[in-house]
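One chain, subunit A, links the two complexes that follow: it is found with subunit B in the first and with subunit C in the second.
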Partner chain A sequence: MDIEYKAFQLEITPEEIAQLIDHTKLNAWEGPEAIKNLCREAIQYNFYSVCLNSCYVSLAAETLQNTDIKVCSVVGFPLGAMESRSKAWETQQAVENGAHEIDMVINVGMLKSQQEKYVKADIEDVVSAADSALVKVIIETCYLTDEEKIKACELSKESGADFVKTSTGFGAYGAFPYDINIMRKIVGPNMGVKAAGGIKNFADAARAILANGNIIDPLKFRLGASAGINIINNMKWLSLSDNWVIDEIPCRLCPVRATTFGKMSESQYSYHKSRCHMCQYKQYNLFYD
Partner chain B sequence: MDIEYKAFQLEITPEEIAQLIDHTKLNAWEGPEAIKNLCREAIQYNFYSVCLNSCYVSLAAETLQNTDIKVCSVVGFPLGAMESRSKAWETQQAVENGAHEIDMVINVGMLKSQQEKYVKADIEDVVSAADSALVKVIIETCYLTDEEKIKACELSKESGADFVKTSTGFGAYGAFPYDINIMRKIVGPNMGVKAAGGIKNFADAARAILANGNIIDPLKFRLGASAGINIINNMKWLSLSDNWVIDEIPCRLCPVRATTFGKMSESQYSYHKSRCHMCQYKQYNLFYD
Partner chain C sequence: MSTEYIMRCNLSSGAITREEIPVDITSEYVGGRGLAVKYFSDEVNPKIDPLSKENKLIFVVGPLTGSSAPTSGRYSCITKSPLTLTIFDSNSGGRFGPELRGLGVLAVIIEEKAPTLSYLYLDAENETYEVRNAEELKNIDTWETIDILNSKTKKDARIACIGPAGESLGLLACVINDKGHALGRGGLGAVMGSKNLKAIVVKGNKIAKNPKLKAISDELHLALRKNPVTKSALPVFGTPVLVNVINELGMFPTRNFQEGTFDDAPGISGEKLKELYVVGKHACAGCRIACGHITRINDKEQGKGPEFETIWAFGSQIGNNNLALICKLNYLCNQLGLDTISTGNTIGCAMELAEQGILDSFPKFGETDNLEDLIRNIAHKKGIGNELSEGSRRFAEKYGQPELSISVKSLELPAYDPRGVQGQGLAYATSNRGACHLRSYMISTEVLNNPIPMDRFSSTGKAKIVKVYEDLSAVVDSLILCRFSSFALSAIDYARLLSVVHKKDYSEKDIMKIGERTWNLEKIFNLKAGFSMKDDRLPKRFLENPLIVGGSRNRVVELDKMLAEYYDVRGWDSSGVPTKEKLHKLNLSY
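Presenting the complex of A and B:
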């Protein structure tokens, strides 16, 4: 992949970017008041959806009735290692409670063990339980080799899911242009890609949008972020200056920079490290010796 | 609480400590081979149980048939924010697939929002679905004030659970003597306490056992650890020297030392920090200014 660093070329309005954002609150400690507030913010900024844990689907659906804002529930989250029928059941409950979208986590361990039949059936069960709700498959790129990312995208597509999504936000790292680019290439033009995890400001969002081929359509591209308001507000002062572009270096766009020993298996850490050593931009190499 | 630092007084054999250990593998990337290996290790060391994600319950039950080793499945893990009926369903599936024990996560957000009725019903649903399987309630101490820890223990007890458990191992920090001590005091002598998260060696295990009142009984006390083998092997070289006791300082036994900004809400961070400032051992204070 040719790493892109021309985010300054992006032309998008705050209104358009808001319609790409799944406004997200998933931490264990969030209570009903925080979720109501999330919904109010979504109304104020006209975000595409709110994304939350399944215990808050009813509350969000009620708070957002008479608006166009969708309710998105995570399922089997964030490990993806919940037994398949339970993922399907959680999906069905979420849809009954008012969810329009389901962000399920793929079974990462089974994927990495070449249990493709299991992984596919696991997604199919959720797609089937979701009925007409849109299904995004979180492939958790931080734990995958490039070959596994490709396989995860292929299986998600074959299983009838609507989107692939980079990350839970609870793994070793989140969405990086490098991975978004791979995912878009594999799923083709008709499936959605969602970039999520670590998208903290407009610069991150812009890099993600460009890595996806600059598609401004919420049915084809989505940003998952708890920092949606910051992203929108950023655009104002960023348009006053291009300084944030000037110090762009390729390493900043690469997931390897966020790889931390102890937050993933040893083999995955070695995989990232070796990739860094072989990279065409290795003269920038800021993160590994 | 008087912080104890006399772990060297502990008298326990490697066989006894093995029978307190839930041998644990919960990372998203673990595949079937890793789980089979976990089971083989449990047989070799005679650990009390294996603790794993619900997608591996059938595999573990099959691998461990004809042994006394229990199969323990986590439920609603690790956020605890899964909708109640889905937690109950995951529990029921796990028990049908051969789980003897269920480690469920409490709904942390509802607990912190004083939704006691919700939290209690959430636990009761799992207890009911578990049938005769033992239920442990993970209260995730790292996100709770002392008052909330006490409430979580009381609600778990009232709901008919068998154990309270400190941590998922995926939160901001894991089991600390300070919290274990509170939990044992609140649940009384007839309920179990499980210390889990960050128990990496025999010294950690010994501190946890002593904080629980030195009860050597797997129906009253359990250690959740992925480092079970290390804990057992540690005992051999530790018995050759008491050096590890000499540098014990109270801060090492306190959860506040593991508090990291960004891994919890701001209010929880401030709570920990203020407690540190008021501590009777503040002259040792190594972690905050």
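Presenting the complex of A and C:
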């Protein structure tokens, strides 16, 4: 872990952080009324975009017309294991219905099976179908080794995608600074990184922003969160004291901490745990805080 | 700014008058706790006996009470506490607050002593304000008292009253409204009892709506709906959701704070309560969080609660794992008018004395057969109940073991062991009303990661954050809004609300200064009453004896380090006395 994290020495305004947020609603039970509310909230807080399932793209585009707020549709969500043609078709429909951005899920199984050509072609099909819409590739870090994360980022970049994104939010765990840091390093300064999944408050957001190198530019960094309003409201407390300092422990930044048996393959679980045993910071891994 | 009024009731003469509040006072103290502390400090000698007729009770609401502002259904009462001997405010929800606001006043100041047991009848609809005889209500419990008075006056009148515990002047007595909401702590029920005041019956006029306030309120309601604590944890499980959380962290006080983990916690958790006994929900007036629950333990017995603190007090604190019994004791305390936190804590103290062989013929931890009788005896001051009714500090001292009283300034600690939360430890020690978790709810930042997470085991930087919470809480108590609003709202939100109702701009800094002024005025009162830095202490076991097992083991509270920093942050001298410069800045004097 080589992230030097200075807790909340981040200088960012609520307005700036709002412009990094894809205001998200992806649960299966959410209906049209919830999507309209999502859009109203995005207008009220001036979030960068709303992120939703593809069947609601038209509704969101209509609700947000005459605003600068973008519509982002997930594609191949949440498992990414459907045929490439399906993803491409879903992308094409979403763009026709008004989506400005596409968050597609990579084919995790193929990636882990070293089927690199397949994975690359899968992404390329979506990039092609998206036309001028921006494409983010969800690599679902929770199921990958570090080597696989690196490979996923490289393939995404080679395929012409605009962003790599950590998680669907439906996997074993979400965005961790450790992974964000790796992704930024691999894709370089010109491609976007989106941290999504488990970003519930300002602390989580601040950690993600710092792990990404403190880049405050929505075309280079994005936060995917359903808790955007809470994140903004948390920030109202920052001005009340200069002492919101926490002694950050390395394990809070590391995904191994969230590794749970039963939510991922046995080999993936073992991979994480073995890494933890060898970590120089393992004495901090106390699970009662 | 509109002119606000107070009502002054002299129980001895029966005179009830109305007075204008000077505008500079509402501007500097707002309402609620701040306003009442100002009046109380100006009018009451800090050295009086709290149970003498010289003491006063100020029932108070705020400028937002009963409005569209989120969680604005509460009221407060300020007096000198007979338990702690400090100035003391207690705060309650339900529906009494908006009714009181409907009288067109911010506060009702109650003075002197009625010649016989009486109740105060305040009816704005019929413009009837009088002290009435209540002899027939002698020794009647609070639930029946409310029923009787509603039938004698108006069905929709709201009533705050005492039970037998308050009438017997027990120091653990509380005031009950709406059959389950309490001005719980500090023995305020005894002060009402000392004045022969059984109840206050209030029927107010409807409160006019403020369209400008509604626009901001809608926005703030949204903030509450988006906060993880107020959108799901509290509405689904209520405060008992904390049982498993706090126990997992090893800071769920067990057997009078000898341990921090209770093996049977899952069996008395919020989840288990919901599964077995919750039959409905209830909300305070105007609240959309709706954290309240109605429980039923059999065909005959049901009521509001228990809350987290009560589950602890009658659960792990006394070694009891019977959740139905906890519910039953909660109903019983509400009926008798007893503070559940102090009652459970004091019984736990006595149980430890019994375990040590110092107290004969008293149940030990986990022995729960006669608890109902014991609690009745505390309320009626019978047998050992007479000694327990004075609280754990006086009780433990009587038996030569003062360190077994887990209290600060004689107020019994609630359900968070400070060895697992450094900032909360400092907050207990510095609280102006004794060991209270709500003066500065550091659990929010240290445990619930809200709004900004802080390491619960670190004492670094905690003094400044404790001050932030203390000052902000004083403002929230002055507006008056529920403390739960602060999970999602901050000073700037409260400033916006106050700016609308006062038609005057308040900044975030103004808001924090109002809170700081109230805090310092309370401190001055306590200093004049004889308190000093030696009272800003924690029980010895938190400073010297680490917990042996659990998630908070091997730690003690680093109080001395934090306390020195705290005094400095407050602008007080090294002995905890506000400096002249600080007081001058706050427009106060000492």
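In the analysis below, the second predicted complex is superposed on the first by the 276 of 289 C-alpha atoms of A that agree within 3 Å, B and C clash if a C-alpha of one lies under 4 Å from a C-alpha of the other, contacts with A are read in each partner's own complex, and residues count from 1 in each chain.
Just so it is clear, a residue touches a chain if its C-beta (ideal position, glycine included) is under 8 Å from a C-beta of that chain, and two chains touch if they have at least 3 such contacts.
Fair warning: this is a prediction, and the values are worked out from it, not measured in the lab.
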Applying the document's definition of touch, where does A:Cys39 land relative to subunit B and subunit C: first, second, both, or neither?
neither
Quick one: classify A:Ala152 as touching subunit B (first), subunit C (second), both or neither.
neither
For A:Leu26 in the superposed arrangement: first (subunit B), second (subunit C), both or neither?
first
Hey, is it subunit B or subunit C that touches more of subunit A?
B
After lining up the shared chain so the two structures overlap, which partner does A:Asn233 touch, if you call subunit B first and subunit C second: first, second, both or neither?
second
Touch check for A:Ala205: first (subunit B), second (subunit C), both, or neither?
neither
In their complex, what parts of subunit A are in touch with subunit C?
8, 41, 44, 200-203, 227, 229-230, 233-234, 236-247, 249, 288-289
Footprint of subunit A on subunit B - complex, ascending:
26-34, 53-57, 77-86, 89-90, 93-94, 97, 105, 107-110, 112-113, 115, 140, 143, 170-171, 264-265, 268
Subunit A partner, complex, touching residues on subunit C are 219, 222-223, 226-228, 248-250, 449-458, 460-461, 464-465, 468, 472, 488-493, 508, 512, 550-552
